[in-house]
Every structure is written in C-alpha cells, then in structure tokens.
Amino acid sequence: MLHIKSVVKSLGNFLLGPLDLIVENEILVILGPSGSGKTTLINVISGISQLDSGEIIIGNERVSEESIENRGVSIVFQEDALFPHMTVLENIKYANSTEEDINKIVDIFGIEHILDRSVGALSGGEKNRVELARAIISMPKILLLDEPLSSLDYPVRKKLAPDLRKILKRVKIPVVYVTHDREIAWEIGDRIAIMSKGGICQIGTPEDVFKKPTTIIAAEITGESNILRMEMKEKSGNERVVGWGPYNLEIVAEQNGNEETIHVSIRPDDIILGTQGGGINWMEGEIIEKIFKGHRYAVELNIEGVEENIRVNVPLDHNEIKNLKKGREIWVHFPKKSMQIVLDN
Amino acid sequence: MKNKISILQLLGGILVIYYIAPIFSLVFWGGNEYGRISSMGGGISSAIITSMSTSAMSVVISCMLGIPLAYFLSRDRSSLKDFVLFIVFLPLLLPPIVSGMVLLTLLGPGSIIGSLAASSGIELTQSMIGIILAQVFVISPFIVISAKVGFDSVDEKLEYASRSLGKTKIQTFWKITLPLSMKGIIAGAMLAFARAMGEFGATVMMAYYPRTMPTQIWVSFITGGIGNAFQMTMILLVSSMIVIVLIGRMGKEIGGDYASY
Amino acid sequence: MKNKISILQLLGGILVIYYIAPIFSLVFWGGNEYGRISSMGGGISSAIITSMSTSAMSVVISCMLGIPLAYFLSRDRSSLKDFVLFIVFLPLLLPPIVSGMVLLTLLGPGSIIGSLAASSGIELTQSMIGIILAQVFVISPFIVISAKVGFDSVDEKLEYASRSLGKTKIQTFWKITLPLSMKGIIAGAMLAFARAMGEFGATVMMAYYPRTMPTQIWVSFITGGIGNAFQMTMILLVSSMIVIVLIGRMGKEIGGDYASY
Amino acid sequence: MLHIKSVVKSLGNFLLGPLDLIVENEILVILGPSGSGKTTLINVISGISQLDSGEIIIGNERVSEESIENRGVSIVFQEDALFPHMTVLENIKYANSTEEDINKIVDIFGIEHILDRSVGALSGGEKNRVELARAIISMPKILLLDEPLSSLDYPVRKKLAPDLRKILKRVKIPVVYVTHDREIAWEIGDRIAIMSKGGICQIGTPEDVFKKPTTIIAAEITGESNILRMEMKEKSGNERVVGWGPYNLEIVAEQNGNEETIHVSIRPDDIILGTQGGGINWMEGEIIEKIFKGHRYAVELNIEGVEENIRVNVPLDHNEIKNLKKGREIWVHFPKKSMQIVLDN
C-alpha cells in the first residue's frame, strides 16, 4: 500500500500538492497533460526528489526521508533505462534474485529466447518487457511506471497495453501508472486519477471519469468534449435548468456550480441529431461543416444566438448521413444524463 | 558557382598539405641526408625510459586525482561547479612555459615547499619527480575533461534505476557509471599519455635533467642541428602517430570522433 | 559511505589546489622577492609586439584556410572526410618540438623551399614569417575543429529550407550557415590566439629570433633565473587568463561549456 | 501540377518505387507507417536526394536534374526549420517577396502580432504557421509538407488540422502532405495515397480508402481492423462465399483474391451484436473480454473453431451493454458490404 499524506513539492514556478492519495493493491493510472506534475509525483514517491513537506508511507513504513534504494519502489522510466553494458539476463539478475524467481519472471514475460541478447539488439517492445521484468523481480512494495509505452509507435503501443495489464494484475503489486494518453488509461487502470496543475482533481473508475468529468481539464483529457458556457437559470434539488438566452436545457447537477455562469460538458458522441424534434432539451441548429473522420463524421453545428459551435459525432451508418450538408437546419438533442457541470479547476 | 567552390577547396587543400608535407619531409630528409644523422647511443634509450616511465606515472596520478573530480563536475549542480571547471581549464590554456614558471615559484629550489622537500632528501626539480609534477599539471585536465564527458553521457536514469533495484550510490558508481564511462576515460588517458610524452615547455623548466625525449631533441638540435636530433624525433613522431591512430579507433568505437577531445 | 565520498572529494580537491596554488605562488613570489625582479626594458615591449602581431596574423591565415576545410569536413559524406580529419589531428597531437623539427626539414635553411625563398630574399626561419609558419601549423587545427563543430550544429534542414526558398548554395552559406556558426568560430579563433601567444616548442625551433613572449621568458630564465623572467611571465599569464575568461563567457552564451573545446 | 514518372530511388536496403503519381491542384496526403518511404519521396521530389531513374515533372518542366533552388518547391519539415537568427518577419521576407505579398500572407495566417518576435519565443503552433507562411510566400509550384504537425502535442494538433486545411485550400497550390497519422489524413486530404514498403498501394478519397482498403497494410493504417484468414468457397460474378470450416460468409469482391486462402478485413465498428440472429452472415460467438475504451466498449469474441478472436466495438448506449459479460454466448453479424478482401501487399 502507498499512502501519500499532504505532500508538497515546489520546483521553480511549479507547485505539486498539497496532495493526498492512497493506492491499495490496484493499478492506479495518473492521467494528466504534460506539465501537470506526473513525473514530479513519481520522483517524490521514489525518492529521486525530496519532499518539501508531507509524508510518504509505503507498506507500513514512513519513507519520506529514506534514499531511493531503501524505499522498496521500482521505477520503469519513459525512455529505456536498461543497462546497456549487460545482456538481458544480466539486467534481470542485477537485483539480487534467486534462480527460481528468474525462471518465473522469464516465463511470465515470455523473454526466454532473448535472455542472452545485448540490450541494443532488442526491439522497443522487448526492451519494455525486460525493463518491467527487471523492476518486478526486485520484489518492490510498489511499482512506478512513468509512461513506459510512450516511446513505442502507436500500433505497437495499442497491442502491448492489454498484455501489460494482464501481467500487472498477475504480479499483484500496487502500481502507479503515469500517462497523458487516455486510450492507455482506459486499457490499464483499475482507477484513474486526473491530474492537473500539480493537484488531483478527480479520481474514480475509468467509466466514472469518462462519463462524469468534474472539471474542464478532466472533460478534455478524457475525450473530445463540448465545453459550453451557459447561464444558470433555475435550481431545485439537484435538478438544474441552464441554457443560453431563450434556450433552456434540463440537467442533473452532480456537483455545485453555484455561479451564474457555468460550464457544461457534453461529448460529441452523446449529442443526437434528428429530422424531427421538440420537447425537452431539443433545439434547432444549422450545419456549418461535416468532416469525415474515419469511424464517424464530425458535424459542426451553430445554434442561433449561441457563440460557440457545437461538435457532434455521427456514426457512418446514420440514416440521414447523406443529407447532413452544410447549411441544413436540423434538430439537436442534448440528453439530460449526458451533460455534466464542470468546474474551472 | 562551381568555380567559387573550387577556390574554397583549394584553400582547405593548402592547409591539409601544410599538415602532412612537413612529416613526409622529415622522413625524406632522413633518407636523403643519411650521412648527417648522428647516433646518440645511450642518450636515446635513457630518454625513452625517462619519458615512458614519467608519462605512465603522470597518467596514473592524474586518473587517481582527476576521475573523482570529474564525477563531481558531472553530477554536482551547485555554482561551485562552474568555478571548478574554470580552474580545470587554467592549466589547459596556460602557455607551457608559463606553467613551468609558476610551478617553479611553488616547488623550485628557492620555494618553501621545494626547500622542505630537499631537506627530506626529495628533489622536486631536476628529477623524475619534477618531470612528473610538470606533466600532471599539464595533462590531468585532459583526463578530468574526458572523464567528465564520459560521466555526462551516462543517463542519470540508469543510476536511479540501479538504486531503485536496491543498490547504494557507491555500488551504482562501480557497476553502472564507471563501466559505461570507461571507454571515454581510457581515450582521455591515452590522449594524456601522448601529451605527457611530448610536453616540452613546462617539463624543461622543472627538469632539464633527467632528459625526456622532447628535451633530448631540443638539446641535440641546439648542439648539433637537425641531424643530431633526427633519430629521437622519428621515434617520438612514430609513437605519437600510433597513439593518434589508437585514439581515432577508440573514438569510432565509442561513436564519437576526434572532435570530442 | 559518507566517509568514502569524502576521500573522493579530497582527491579531487588536491588536484584543484594543484592547479591554482602555483599561480598564486607566482604572484606571491613577485610580492616577496621584489628585489630579484629585473626589468628588461625594450625586450619586453618588442616581444609583446612580436607575439601579438604574429599571433593575430596566424589566426587570420588559419581562418582563411581552416574555415573552408571545416565546412568540407562538416558536410562531406565520403570516406575522404575521415582521412582528412585524421590529418587535421596530427599537428594537434604532435609534440611541439617534433612539429618544429618537421617544419625545419620542410622550410629550414637547408631545405629546397627554404633555399628557394631565401634566394628571393624571404627568410622562412629566424623571422616573423617563421614564427607565423610554426603558429599556423600548431593552432589552425583548433580553428578547423571549432568551425566544424559550429557547422555541424547547423541543421542541414535549415540549408534545404533556404534553398527551397530559391537561394543558391553559396547564398545559403553566407546567410544561414555562417551566421549560425559564427559564435563557435569566434570562440575557436580566440582559443587559437591564446595558443599562438603561448606556443613555445615549435616556434623556438623555427625562430629563436625575433623573440616571442614565451621565447623571451625562456631566454630570460636560462640567463638570469626566475627573477629575470618574472615580468614577462606575469604579462603572459594575465593575458592568457583574460582569454580564458572571455572564452568561458562565450561558451556560456552559446550554450556549451569549456568541454566542447 | 506534379507528375512523378517511374521514379526509383534505392537507399541501402530500402527501395522506393517504381512509382507513378500525379498531383493536380489538390491536397494529396501520403499516409504510411514509418519506414514506408514517405520522407524519401519528399526528398526526391524536392531535390534533396537524387533519383536513380525516372522523371519528375513540376508544372511543365522536367526538374529531375535540377538542384533544390530551381525546382519551384517549398518544403515544410517535420521539426521546426525556421532560421533561428532571424525574427519572424525576417524569416518571411527571406524569400524575395513584395510588401503586398507579405501583408496578404500575414493576414491569412493571423501572425501580425508576432512579426517582431524572435523565433525562439514562439509556441509550437506559431512556429508551424510561420513556417508555412514562409513556404507559401515564395510562390512554389508545389508545396511539400513532411508531417508538419507531428511535433505538436496531440490536442494542439487536433485543433490546428482543420485550420491548416482551410489555409491550404485558400492558397490553391498543389500540396503533398506526408503523415502516419490517419486522423490528420482524414482532416486534411482531398485524396489519400496509402504508402507501404516504398510503393503506393492504394489511392482514393478518404471515404474510399477507409471503407474499402485493398491491402492488409491499408486496412491497418486506416483504422483498427479485424484481418481474418478465410477459405474461398464459391465464386460467381463478384459475389463470393468465404468462411471457416462450417461457417459461410457472403461477401462482395471488389478485387481478385483468387487464392484458396484469402484475407478479409472488417472494422470492429461494423460488426453487429444481437441477442437473436440467424440467416446470412450471422453466427454465434462467445465473449472473451469486454474493455472500456472511452467512447465505446471493445468486446473480444471467439467463434468456435476459428483461430483468431474477433474484435467488436460496441457503443456505450448499446441496449445489451450491461449483459455483455465474459463467457456469454451472443449472435454476431458480419454485414456483407462491410467486408473487404485485402491482399498481402
């Protein structure tokens, strides 16, 4: 178990924390844009950087003052950190390990055939496996992964991610996995923590953070999203009426957005277009543009009097797909449950 | 346009020829004026022994003192580092004759250290020790700098990885940092050895005796002209070229070229 | 563990002290033994003028010949390049006294070129020309190498971009490549100037007269000891240190450190 | 117009061509994996590399022997190639250009406020605009773009792509745009050429190459795809019956796959799951895994007796989504028109 208590670390202009976090026997993905402090967090947990204040507890020990080698953490870095003057086997044996452990790990990772190779002769994916094997065989109490797949090409990365999750679940070590790539986050994480500007603004299962982002940054980093500025018009319980000028939208408020102007997030996939509409959360808009995007068309809509255009994803097999042309007026539906009030930070 | 490029090639070519012509000319001179070459017998072998042994000793001392300094310069992040780096460059850019002079004021017969040493029976000038003192001053910066470049090239991530695998700083230094910098350090040591063999200005001021190869060439030349100094010069030229070739190979192997030195 | 690190720091510290102590010692010597310092009057200023003018001339000649060569070395992809690079390193690693000898066999009074020049009234040795010939041989590799490093650092993409915008190779060299390498070249030229000012071994063999500053120090020293050579040494020391500081600043500005040289 | 005729260029083990290609007044995107020869193609068109054989015609001139500066091409490189010792304005003025042209270009790119800045002070997106402005102001006959957006962060890249297309359409210069990123390809290209192993294996509109990839590589680089090995069972006209053992699938053959064993590509988005099925192209399968992927669930299916698992994307709002659990038997439909025979190369 990893317990981070009120941790603060300043680096020039950047401030990490105050941060509290508990990682049980699970894979926690820290998802955040570059510059949000993900690597700094890894560094303070591992002891590469010293804390300004707060406490880090690994297992049952306070390790905040310990040096790297005494913390019981293993790190897998973003770029390859295999020892280039050793073979694969020598790298794995570097941490004092028994013959038995080595055989077991070699088996889990399927790297028997490359044990005698020099590190330089490995492919990107192989390097990754060996590095992970080396990190795991040292029996750390916690495993820190700093975007270990990011140096791989996109297709390779996509292929490796599910395997990586299987292995990580199999070794049963608490894992902190840092990335800016949401596709990887969905694939790997038991829970996902959204990091932004040195703090964690949301934490939950992949489904939760995708469906109910609580901040603008969480909405943006978990997927394309329309972030729409609206007026707050009515409140009752957790029901809200929001909207622009004459247009009203009913939504469910999961959190307080008490100001008069709020931001509402809705995914382009969740907005529905129809040739006929009307009723709650339906309004008319004009198609500004339709762009082919591979698995779908991206349609940009303008609703009269609304400043921001609205992006809608339309599946390729939509009935009306041929008629969705620039300039056409069409009905737009914003499903109540797909909208979230998101906070500035 | 073609024409302009040719002028540039011509200018560069002149320089290349100016670098090799004198060397061929020496060999050619030897073949042509064989009669004017005089043998110095014992003088040659004693100069070779003096140069080889002092140079080797200087390299060893420079490594012992210089490698720790290089590690400090590579890893330290304080402002002290810049200042120390400046000091390391002092002996490198000081004219050799000035280096000889300043060493004499510190270690010469009239100096405090020099007299103290002499009273314990150790001669700091006009002795092998004097030669080594001069050589270490002149060559050790090369070792410091190439070791620093070597240490710089070792990604700190590797050191962190080693330590997260449970090894201490010291274990990490011996198992990761040093092995990965070794080729750079060896190349630096070879370069330093070549410099020590050829060093003249500072050495000759600290120790006219025992004679190193360069001093022997100088003395032979002023007493008997080119013919008198020819044999020693050829020996020193050939051994220097061997070292250059070795460093070049080394450089290729470690992926750099001469320009790193 | 703490203890072991301290030993390493001690070793490095000894070396740093060994680099600065002699320099302080010279200044201290001057203050202490003021009476033993003898003035050489005219000798000093004529040596300064000789050194300054020959060094400046050598740098100019080396730039004219060396920059085109550096551009070739930076951009050529043939195997010729490696060979030429090897040749450029020859004079850099040759002992100065050997450089002097080989130059003498090519250009000395007994040589074909030397006699031809002499019959047209040009003295290639024992003259300013002789000094310049020796200095160019020794210092021009520094200019070639720093210009090469400068040219290497200019991304070829920038040159392609310039040419795709309609500029010829030559226009691109003057407007893009050279301006972007300028700081490196200037730093190299300053380094070369410092070396030329301090060069002793090769110069003294090619031209005992007119006396450069290092030759003057040597002569003063062997004829009258430290006191006799003190003034000249101080002047050369101070001017060398100024150049070191300037190069250091330059180095910082261009984002590198001394180790690039 | 750019006309590439039987162009061949070998580089060590790599062989580009023989290649024929005509680029009219359009944006042609060359989409290919790294190592497929995209940059080599840019280099031979621009004159950075010399041809081994063939001809390059730009406008009406054969330029194969001309040096870079005489070809009338402008290149925008992958990484920033602005002249760092000049301001933005000096960079733009570098190509001899009139005051009038400069004002026009500055206006199109909206870079008036940064004209006096030094290049180092620009953001990645600004650098991109300035470089493009500089390339366009020299009035090239053809514009070569070598993954110009690839150095930008993913969100910035996504935002810039539509603007880039608008600008490129506005300046009306034929454009060759090289990338490995299909998202960018859809967004930018009038036509897309799929490049693989030094050759172009397919060329067509974005919709065409996405919907009807002709080779395995085209199927993979244009999107996730199930590439399934099947037996050829019956042919009649362009109708085919293919399948595994007892299972038959009817498909339409757009191209010859005359061998007994063929590869069929179908997108995970196009496969349909149902609680009841039967009839043509329906079969039963077992759910092996369901993974949350943000906008959808990825379901992996096994059909008894079929070696490869089949990946199906299921939208988040699928009726049965809660019941799609590991081990469940479910009906699977492979729509006839969504399957393509793809060739090995």
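Order of writing sets the chain letters: A, B, C and D. Residues in each chain are counted from 1.
Keep this in mind: a contact is a pair of C-beta atoms (placed from the backbone, for glycine too) under 8 Å apart; a residue touches a chain by one contact, two chains touch by 3 or more.
What you see is a predicted model, and the numbers here were worked out from it, not measured in a lab.
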item: Inter-centroid spacing, subunit D versus subunit B (mean Cα positions, whole Å); value: 57
item: Subunit B and subunit C, separation of their C-alpha mean positions in angstrom; value: 16
item: Subunit A and subunit D, separation of their C-alpha mean positions in angstrom; value: 26
item: Subunit C, residues touching no fewer than two other chains; value: 168-169
item: Category of the chain touch graph - line, ring, star, complete, other; value: ring
item: Chain-to-chain touches, reported pairwise for every pair that qualifies; value: A-B, A-D, B-C, C-D
item: Residues of subunit B defined as touching subunit C within the complex; value: 1, 4-5, 8-9, 11-12, 14-16, 18-23, 25-26, 28-29, 64-66, 68-69, 71-72, 84-91, 93-99, 101-108, 110-111, 136-137, 140-141, 144-145, 148-149, 168-170, 191, 194-195, 197-201, 205, 213-214, 217-218, 221, 226, 229-230, 233, 236-237, 240-241, 243-245, 247-248, 257-259
item: Touching residues (chain side subunit C, partner subunit D) in the complex; value: 155, 157-158, 160-169, 175-176, 179-180
item: Residues on subunit A engaged by subunit D in the complex (per definition of touch); value: 33-34, 153-155, 158, 162, 182-183, 186-187, 206-207, 210-211, 220, 222-224, 267, 269, 291-295, 315-316
item: Footprint of subunit C on subunit D - complex, ascending; value: 46, 48, 67-69, 71, 73-75, 77, 79, 81, 83-85, 94-96, 134-135, 138, 140
